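Okay, got some structures for you below.
There are two complexes below, and they share chain A, which is joined by chain B in the first and by chain C in the second.
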Partner chain A sequence: MRNIRLSVLFGVIGGILTFLFEGWSVAVVGILMGISLGLAISGQLKRKEPAKLALDVLPSALVSCGILLILSLLQNYVITGVIGHSPAPLEVMIPANLIGVLGGALFLLITVALHGLSEGQERIGRLVLLGLVVIAFPFVDNFTQLGWTSLIIFSLIYVLLGMGLNIVVGYAGLLDLGYAAFFAIGAYTTGILSSQQDNITLNFWLVIWIAAAVAAVAGILLGAPTLRLRGDYLAIVTLGFGEIIPVIFLNLTNVTIKEPLTCWIIPGVERLFGATSKLSCNVIANNLNLTNGDLGINPIGRPALPFIGTFTSNNTVPWFFLIILIILLAIFGINRLRDSRLGRAWMAIREDELAASQMGIDPVRTKLLAFSMGATFSGFGGAFYGAYIAGVFPGAFQFSTSIIILCAVILGGIGNIYGVIVGGLVIETADRLFLPALKDFFTNLMNHSVLPALASQKTLHDIVAQNANPILYRYLLFGLVLVIMMAVRPEGLIPNAQRRMELHEAEEAPNVAASTSVKS
Partner chain B sequence: MNKGLRLALNILIAVGVIYAILLIGPVASFDIPIIAGEIAKNPLQLVQYLIIGVANGAIFALIALGYTLVYGIIELINFAHGDVFMVGVFASLTVLSLTGTLNTTNPVHIILGLVLALILAIVICAVLNAAVERLAYRRLRNAPRLAPLISAIGMSFIIENIGLIWAGQSWLVPSFGTSGGAAQKNFPDLLGTMFTSLNLNQNLFTSSGIHLRITITGLIVIVLAGVFMLGLRFFIQSTTLGKAMRATAQNRDAAKMMGIDIDTVITATFLIGGGLAGAAGLMAGLYNNTAWWFMGFRAGLFAFTAAVLGGIGNIEGAMAGGFLIGIIASFSDGYLDARWTEGWVFAILVLILMFRPTGLFGEQVGEKA
Partner chain C sequence: MLELKEVHTYYGNIHALKGISLRVEKGEIVTLIGSNGAGKSTTLRTIQGINRPRSGTVLLEGTALETLPPHEIARRGVAQSPEGRLIFPRMTVLENLEMGAYTRKDKTGIKDDLERVFTLFPRLKERIGQKGGTLSGGEQQMLAMARALMARPRILLLDEPSMGLSPILVELIFDTIVTINKEGTTILLVEQNALMALSIANRGYVIQTGEIILTDTAPNLKNNEMVRKSYLGIE
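== the complex of A and B ==
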């Protein structure tokens, strides 16, 4: 029964997506829906023979794909009329729906059937499946002209940032509300080192490492003052840093540094004694424009590879695979870190700092390394981001950016790297892809159907016209995610087992007490 | 390490820090020789900045009280508090607009409108703050510490978004004056208008030659804030509920055993904190003449810094801290560069937390992080 409910949910979500994106989207959405539904269902099934499992989920496949098909057809023949679009031609509509529905069902069955194999085989099978989807995605996207890849790349940058933040918040338990500062440091390092702004233009493949290293050092420098603080105070101080760093970058437009000894101190003392100064003032930097203020650094050098050439904005495929590669390396590195001595030290500090330090863990070193490692990944992210959009603008690193990354970590599951990946993808895709599409949908709907009907009532007409813009409610979305997740499921969608137990300690404790009292 | 060596090392570090400030400071407009020259040239400017600082500080102090009261009782940084203040600004602007006070010069109308705006801003913000507690914090009272803080950040975002939408409703908050854009609204200085229409000079003291101007609005803001602070002090010290609040702040469990209803006390605390923020909202609007959906973030962080500066949980400390931060911010705006003010206030926050986490005036509750 639960499977059917899940299928209905996924089918409806998929259907709504086809409302927003139209045309070929139903093919891509159907397959993605099939795989994600398969992953969601197979977690709750017992291991059986693959064929039997596949047979068991056949009703789910029928329900979800049926709903998708109905909604997609509804979109094509009814909704398009309401929002003033023309329905997709048959030569797009028929293959797209066929691929979406049949492909979705097929991938759902395959994903569930994999669960019937042994654990190791299942994992390999899933990896192959996901790998196929990831590799095929940009090409399919190119073919179908949906233009999702360029936006998914932003989501993937946030996934990388979320994985970095997860080290600090999830593993070491230090709430960092200023994580965007490191992102800014990475991006601005890239900007300063590979643009025409100050006549230093280094190769991207070098700059990305420098940016990561600078971010790591910044992590230590910004982490050091916060070591004595705990809990809320730490959060506030990191937030302060998160605010200061972009302000600094914004304002480094007119840097003048004069050596104080020769400029003021010695001349001042001399003037006190009535002598005129003969020293010449030693000026280190004069009116240096490092960051170009509000206008940002633009353009920034881009990576180049043999055979592919310089990465361009028009061709998103190499960018997509570059960020996928960085994420894969990051997953590998972070998993190794987590299982290392250092990773275990982080978790020990998170659970009980005093006890950990009694066991011989140096809290100062451990925390600083957490900040530094976390910052490294956002250094990579920042460098990639700077190169990808070919510019660095101060508006991109505000407090809300830090909170969006935190949202991703919390939605996905604190402390679980795969949860964070899902969280980052969901949050950022919702922000970059879903909301703008929803906005277009509403704008069309309003302009074509609702507003003409309201034309007689001017006040109402203006109010509706002004507020029917989902982008306006962006912060509301993130705020609600945080509040609702904290209230309903603080361990996230894909929780870390340990964390879940901790968070539900209070609920389980009375049960334990009750069961013991029954026994006695 | 012997004493002499340590002393020498400390002196060396101090010299190094001073040198670094002289070297790097000018990048952040902290150029001591230039500032000293400016002060020497026009000392009355200092008085002017001081007055602006005290008036803004009074507003920060009212907001800081909300942080410190809540922290004193449930040890939570009520992150949404700054945004409650922003709602206060918009609520009073809306009331003034709907009552037609914005476009009148009739002094009686203005006074009645302002009193109504003050009352409604206080009520709306108090209820909003209590609602935030009820919705986002209450069920997390025994959860791990990060959970309510994250929930608070979420609430802050939600309220900011409400402010953003509110600012866009031209039927509620009209664009008044010339610079009222889509997101940033002008908030007219009604007290000044009222005094002008009474043929009184709205400037109690002006002198163009030496740049000193004291406005009636500034004076009224300071006096009104003082009245609210004295009222709060009286409430905390002399009423039963105030006593219950102090008891809860000292030890929640013991207070519960003495028959104090903790939920009522906490709700009352949030109501009071929200009400003070609402009052501060009207004053800030009148004094700074602007309403912006994001203004709660900056005001909230300044006020939080004030609360920490005074020792969080310490009510008198929060008031003193508010004035101090107001003055520092005003000096930074005037003598340094407004672009860097936020940075300087945060630097103060970080330094205080690093070296004296109990604040300048000590704290009433220990850090139980």
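== the complex of A and C ==
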């Protein structure tokens, strides 16, 4: 029953997406829907033979793909009329729907059937499946001209940021409300070191490491004053840090750097002995505009590779695979960290600092390393971001950015790296891809159907015309989603097993009993 | 092995320990008894570095502990099964025990000790995958003690290990303390249950409002008029 509910939900979400993106989108949406529904369902099924499992979810496949097909047809033949678009021609509609519906069903069955294998085999199967999707995605996207890749890349940057923040908040339990500061540090370091702004133009492949290192050091600097603080107080200090850093970058427009040896140390020693200096002070930089204030740094150098050449804005494929690669390395690194002694020290500190110190864990070192490791990943993220948009602008690192990253972590499932990945993808994709498309949809709907009908009532017409823009309600919608999520599924989309147990102890208890009895 | 000399500890301007001096020799069980609020837990917290003495010194085999942070003191071989237990509630029993061995690197030794605490506390073995926070009070008490043992401490500080336990469990805990001691761990035992404590200890100290008012061998204390009246409840 629960599976059917999920199927309806996924089918409807998929269908609504076709309303917004039209044309070929149903093919891509269908397959993504099939896989994600499969992942969601198989978590609740007991392992049995793959073929039997596939048979069991046939109704789910029928329901979800049926709904998708109906909505997609509705979109093409009814909705287009209402919003003043012309329906896609049959030579698009037929293959797109066939791929979406049949492909979606097929992938759903495959994903669920994988659950019939042993745990290790299932994991490998899922990796292969997801790997195929990820590899195919930008090419399919190019072919279907949906133009999603360039926006998904932003989501992936947020995924990386979320994974870093998850170390601080999820593993070590330190609430950080100013995480965007490290993002800013990564991006501005990249900007300063690889633009014409100050005549230093280093290679991106070098800069990205420098940016991460600078962010790591900044993590320790932020950590230091917060060590004695707990909970709420810590959050306030990180909030302050998050506000200070962007302001500092905003104001680094007139920087003079003097070399300490010739300017202070030698003259100082000389004065001590009453000598007068013939040395002149070496000024390294005079009145240097490092960050260009409000206008930001622009353009920033971009990565280049043999065969591919310099990455450009027109071809998003290399960018996409670069960020995927960074994320894969980050997953690997973070998983290793989590299972290391340091990782266990983080968990202990999160649980009870006093008890942890009695186990011989140094709380100061442990917390500083959490801030520092967390910051490292946003250093990478910032460097990639700066290079990708070829500029760094102060507006991108405000408080709201910190909050959105934090929400991605909480929404996805705090403490669980895969949850955080899903959270980052969902939130940023909704923001960058879904909302703008929704806005276009509404604009078209208004202009074509609603406003003409209201022409006689001037005030109403104007009110509707001005307010029918979902982007205006960005934060309202965002807030609503959070409130609903926290009420319905406080443990996040893909929770860490521990937290789910705590939040749903009573409901899950019988399940746990059942699954252990199956094993034994 | 452990020695406190004229230790004064304050909470703000509350003078909780007014010049405590005591010694624990290697291999001994020493008990510290006293009524509520006498300063027993504060004494242990001071040894652990959680509270700092304003004056006086705490020596572990000659090295001063009072300037070291708690984690350094723990690394020098002082482990505590604290009052209020302080186990990690969201970690499993096994994870809690592994945390106890955090500073150790001898994998085989850790494994052996795990077996050892499971032999001492078979109940914990049954609950190996359960979250610490969902254990019963008595089980948490066992876990706290087992976790302290996992550090293979030189000296084990026990703060009211029998608190809130049923008589059978109290018996078990005290038997275990004796066993641990026989295996070579020095023990400083704080107890409300003075009768039990004195029957397993070698020596004892009586603390009253922050001062040691009496010290003697355990059998002598057991027969002491004042101790019998005030702490054993025997007229």
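Operating definition for what follows: the second predicted complex is superposed on the first by the 460 of 520 C-alpha atoms of A that agree within 3 Å, B and C clash if a C-alpha of one lies under 4 Å from a C-alpha of the other, contacts with A are read in each partner's own complex, and residues count from 1 in each chain.
By definition in this document, a residue touches a chain if its C-beta (ideal position, glycine included) is under 8 Å from a C-beta of that chain, and two chains touch if they have at least 3 such contacts.
Given the structure is predicted, the values throughout are model-derived calculations rather than measurements.
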Exercise for the section: Using the touch criterion from the header, give the chain among chain B and chain C with more contacted residues in chain A. Expected result: B
Exercise for the section: Check whether A:351 is in contact with chain B, with chain C, with both or with neither, and answer first, second, both or neither. Expected result: second
Practice task
Go through the superposed model and pick first if A:46 touches only chain B, second if only chain C, both, or neither.
Solution key: neither
Practice task
Have a look at where A:2 lands relative to chain B and chain C in the superposition and call it first, second, both or neither.
Solution key: neither
Practice task
Figure out whether A:360 sits in contact with chain B (first) or chain C (second), or with both, or with neither.
Solution key: second
Fill in the blank from the handout: Footprint intersection on chain A (chain B / chain C) at 502
Problem - Parts of chain A lying in touch with chain B, wherever the complex brings them together - result: 173, 175, 177, 225, 228-233, 235-237, 239-241, 243-244, 247-248, 250-252, 255-261, 264-265, 268, 399-400, 403, 406, 410, 459, 462-463, 466-467, 472-476, 478-483, 486-487, 490, 502-503, 506
Handout entry: Interface residues, chain C side, partner chain A - complex
Key = 48, 50, 69-71, 74-75, 79-80, 82, 86-91, 98-100, 102-103, 131, 147, 151
Handout entry: Interface residues, chain B side, partner chain A - complex
Key = 19, 22-24, 26-28, 32-33, 75-77, 135-136, 139-140, 142-151, 153-162, 164-165, 168-171, 297, 301, 304, 308, 337, 339-340, 342-343, 346-347, 349-350, 353-354, 357, 367, 369
Handout entry: chain C-touching residues of chain A, taken from the complex the two chains share
Key = 341, 344-345, 347-348, 351-352, 354-363, 498, 501-502
